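As written, the chains take the letters A, B, C, D and E, and residue 1 is the first residue of each chain.
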């Protein structure tokens, strides 16, 4: 239960999130990858708060801010997915070729 | 930490109890259902399609508002704890925070986000 | 095993869960079973032990009987009340006579099932997959591609247009004749998008030979107004009992049913108290406050309370001398939606009770045209329910499922009402 | 006492990573969303072991609503919502595995090799009180700007998603009343 | 309190209170329906449970089996966890942690997940409609539910339920914060899907999420739902009616009286108030209960200064 173990676990979560975000085609699954990365981030932040900041409240505040980021990312992500689906009738990122050039 | 340990123990015990009750029922009446006994119930005729479909919920605007407004609760818990200790500054500050969020709710209500097609 | 006997000993005292299949002529008798503590009518066969088949069915075949019978979990049994046993339910136990014999049989059968489940009825339908799918597709699950094929024996719902601009799946499902949510015998082929009813088609009608209640007799010979009005009030209370239990007030529904069974003109105080409790239950503010499903103007002709709730002043009692002497005034509402129909029928209960109290021995009708509780009854015209069934598709489309069910119950539909011999002039099926 | 918490820590962390992986393996969308919630609940459990009880419980509380909404949106917009037709919706698979493993190795190396100051949380301090004081005290600005950001998100989400504005549906030719004063 | 004693205590409390809820439900139904035969109310729950135990469990064609099992198990577990955060007597509490209401709030918001899983698992029309209705009710009632509980934490200067009860030494929160209890009871009806907010398992869905289950699965579902109602009533008693504080009776007796009183009130509302439409519930939650809860937070907050 040392700080290093916590950081390894949060790195593993972050790694799975990166794999998920890059490998999945559909928007909502990419968002789930992002959420997993933020999950790893929260674990790392609280690990540092517990391990090396001696209970400094700003550590907790950062965790709450990461929670806020997660909620905001989810809300805007779903709003975009709904709009893309309304226009393109699909939710696979391939369908948005026109954004390329 | 020990208190949460006992809470976790109680949770696992309750889940186990539910599992045990179901197991007793399965022992008394072993599960050997024929195809016609597994047909989902919709009043008398077998279904033509799987019930699982892309279920169009019409209140998805409200769902997004819940996400944003959920964060307000996270800030309110610590605020409530230190409310008395901090004196006058706490209600004023939280009032500003709440009014900002209420502007969003009023906007959604005016854009008829809570009713649906 | 000791456990089974102990549980069977306890289960003897439990109310018997019965799933009713009710044809023509037995609706009031089966509905009155709710008053008996020994029996419990359940909304879905999964919660039942006994299947009760009652009433008359057109041309013998009972639609959906085999499917519903097999959906009842073991130990199960079937009881056929006042009718002959069709080949499908050969193992059914025949019961003649009145409610007491039926209750005795149901309780005895239930205890027999609890004690020895091996005697439970076998499934009727064969144990073979309706749709061939095993081995098809990459995982042998019968599916192919993203959304195609018949995975696990059933196809997946397809996309369809939607007002909200997001085109999602439309699930066609037949909400069958025997479900707790709809009146017994009403089958709706519904196209659901999410919980929104987009299209509705009314299934085959179960109408049988014409009823023999007071109102149909009144078409042939004059009947005393006291009896007619008391029967009308009793009919509306029975409708109120069903409609209240659908809106989640089963206890108030039982009170209305109990009152309906023992109704005499002296019960006006209890009826007023019951109607006050219904108004105070917030049903008009919480449950029926959605506009929509209005029935007004020409399409409401001859539909009795449904017409009057829509402002159409159409009541055969007005031009009857007996009613004019009693100072009869037709009660009217304007909006014609579900709430107006509820208010209309609740007002007519008190009005009918008052009329039957003051009627003395006056007689009315007898000239081939009668104002029945559901609308205008003629010797050879279609019954009001048949007319209302034609209106359903246009009324229900665009409503959320809960509002659609409230609307169906507010129209007081009896799918087994007779279509009469002269069907050609209305074009009904 | 810390033997139990060590065991619990390892159970929760293995559960978190495994459920995280399951999110991308399972076909059914509702299961994927609730595997992700299981991963968050496991991380919440770890936070509770780290004496940040309030944060762990808040994470579980928040995730209940959020993951249900995610499940609903996935059932609405995904091609095969219940996973009845098993399919792999994956592209550039190998590169993403390499990237994921690379990120893991890099961050784990940082975690293991770097020297972090060892100042454990002093016992007897109530973290929630500190957080409250902090919110109202020094970082009041972060608290209010979070509120403004949430307002922007609410307005943005409603504007993007709700098809029917106050004056009716745009496609069907509804336009806002003009701003200049009327003639009379 | 070591875990074993905790498990036994919570188990006994849940079994006894679920039995009492079933008895009260039958008694209130008999009274409102004008019938007689209250003696039957005592025997009915036991005989009904025995009948369900003897009935076979059903499985539909292609269910999501794990989700279908997890639904009731999660619901029962969450009701138990919610009960652990509430002290029943001055010394008798299982997990009265410093963040007690947050544990209770997390357990109750997860109830929405349990019911959605239970409805989704059956792959049949009525349970599916019931599941999405629960999501709508849970999301609309979630915010006011937590806000009203936060208000009780302000005078207590701590989130632990024991401290909240202690802070009501002089005056109970139901008098100090009058708006709190009604809003709490309405949202509690929503989370226990009982009475007027019985949308997921409503009669217009022929049993809703429980339309496809039978036997012990149905028995467990009904027990879990009743224990959720008990947990909500117990927290209502603890946060608003002064928990185990009270002049004459011993602490634990006060707790039982208050909890069963609130549970009886909610059950009574089930038989006397009609089921609301989903659109009314969403509008009620967002445009009525939310502002009222916010007013409650600030008015009672200002009063404590």
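Going forward, a residue touches a chain if its C-beta (ideal position, glycine included) is under 8 Å from a C-beta of that chain, and two chains touch if they have at least 3 such contacts.
Treat the numbers as computed from the prediction; the structure is a model and nothing was measured.
Where touching is counted per the definition, the chains common to subunit A and subunit C are B, D. Applying the stated touch criterion, the connected components after subunit C is left out amount to one piece. Of all the chains, the one whose CA centre sits at the greatest distance from that of subunit D is C. Relative to the C-alpha centre of subunit A, the farthest chain centre belongs to C. Interface comparison, C-E versus D-E: the higher number of contacting C-beta pairs is recorded for C-E. In this assembly, the C-alpha centroid of subunit A lies 6 Å from the C-alpha centroid of subunit D.
The geometric centre of subunit A is 21 Å away from that of subunit B, both derived from CA atoms.
Distance between chain centres (mean CA atoms), subunit B to subunit E: 13 Å.
Spacing of subunit B relative to subunit D, judged by their CA centroids, is 15 angstrom. The set of subunit E residues that touch two or more partner chains comprises 53-58, 61-62, 97, 99, 102-103, 120, 123, 125-126, 132, 135, 139, 142, 146, 158-159, 206, 211-212, 215, 279.
For subunit C, residues that reach two or more other chains under the stated contact definition are 4, 7, 44, 46, 71, 73-74, 117, 151-152, 154, 156, 159, 164-166, 168, 171, 173, 175, 179, 194-195. Chain contacts: subunit A has residues 64, 67-68, 71-72, 74-75, 78-79, 82, 85-86 touching two or more partner chains.
Here the chains touching each other pair up as A-B, A-C, A-D, B-C, B-D, B-E, C-D, C-E, D-E. Residues of subunit A touching subunit B in their complex: 64, 67-68, 71-72, 74-75, 78-79, 82. Across the complex, subunit B meets subunit A through its residues 60, 63-64, 67-68, 70-71, 74-75.
Against subunit B, the residues of subunit D that register as touching in their complex are 1, 4-5, 8, 48-49, 51, 53-54, 58, 61-62, 65-66, 69, 72-73, 75-78, 81-82, 84, 128-129, 131-133, 135-136, 140, 143-144, 146-148, 150-151, 153-155, 157-159, 161-166.
For subunit A in complex with subunit C, the touching residues are 82, 85-86, 89. Of all residues in subunit C, those touching subunit A in their complex are 159, 165-167.
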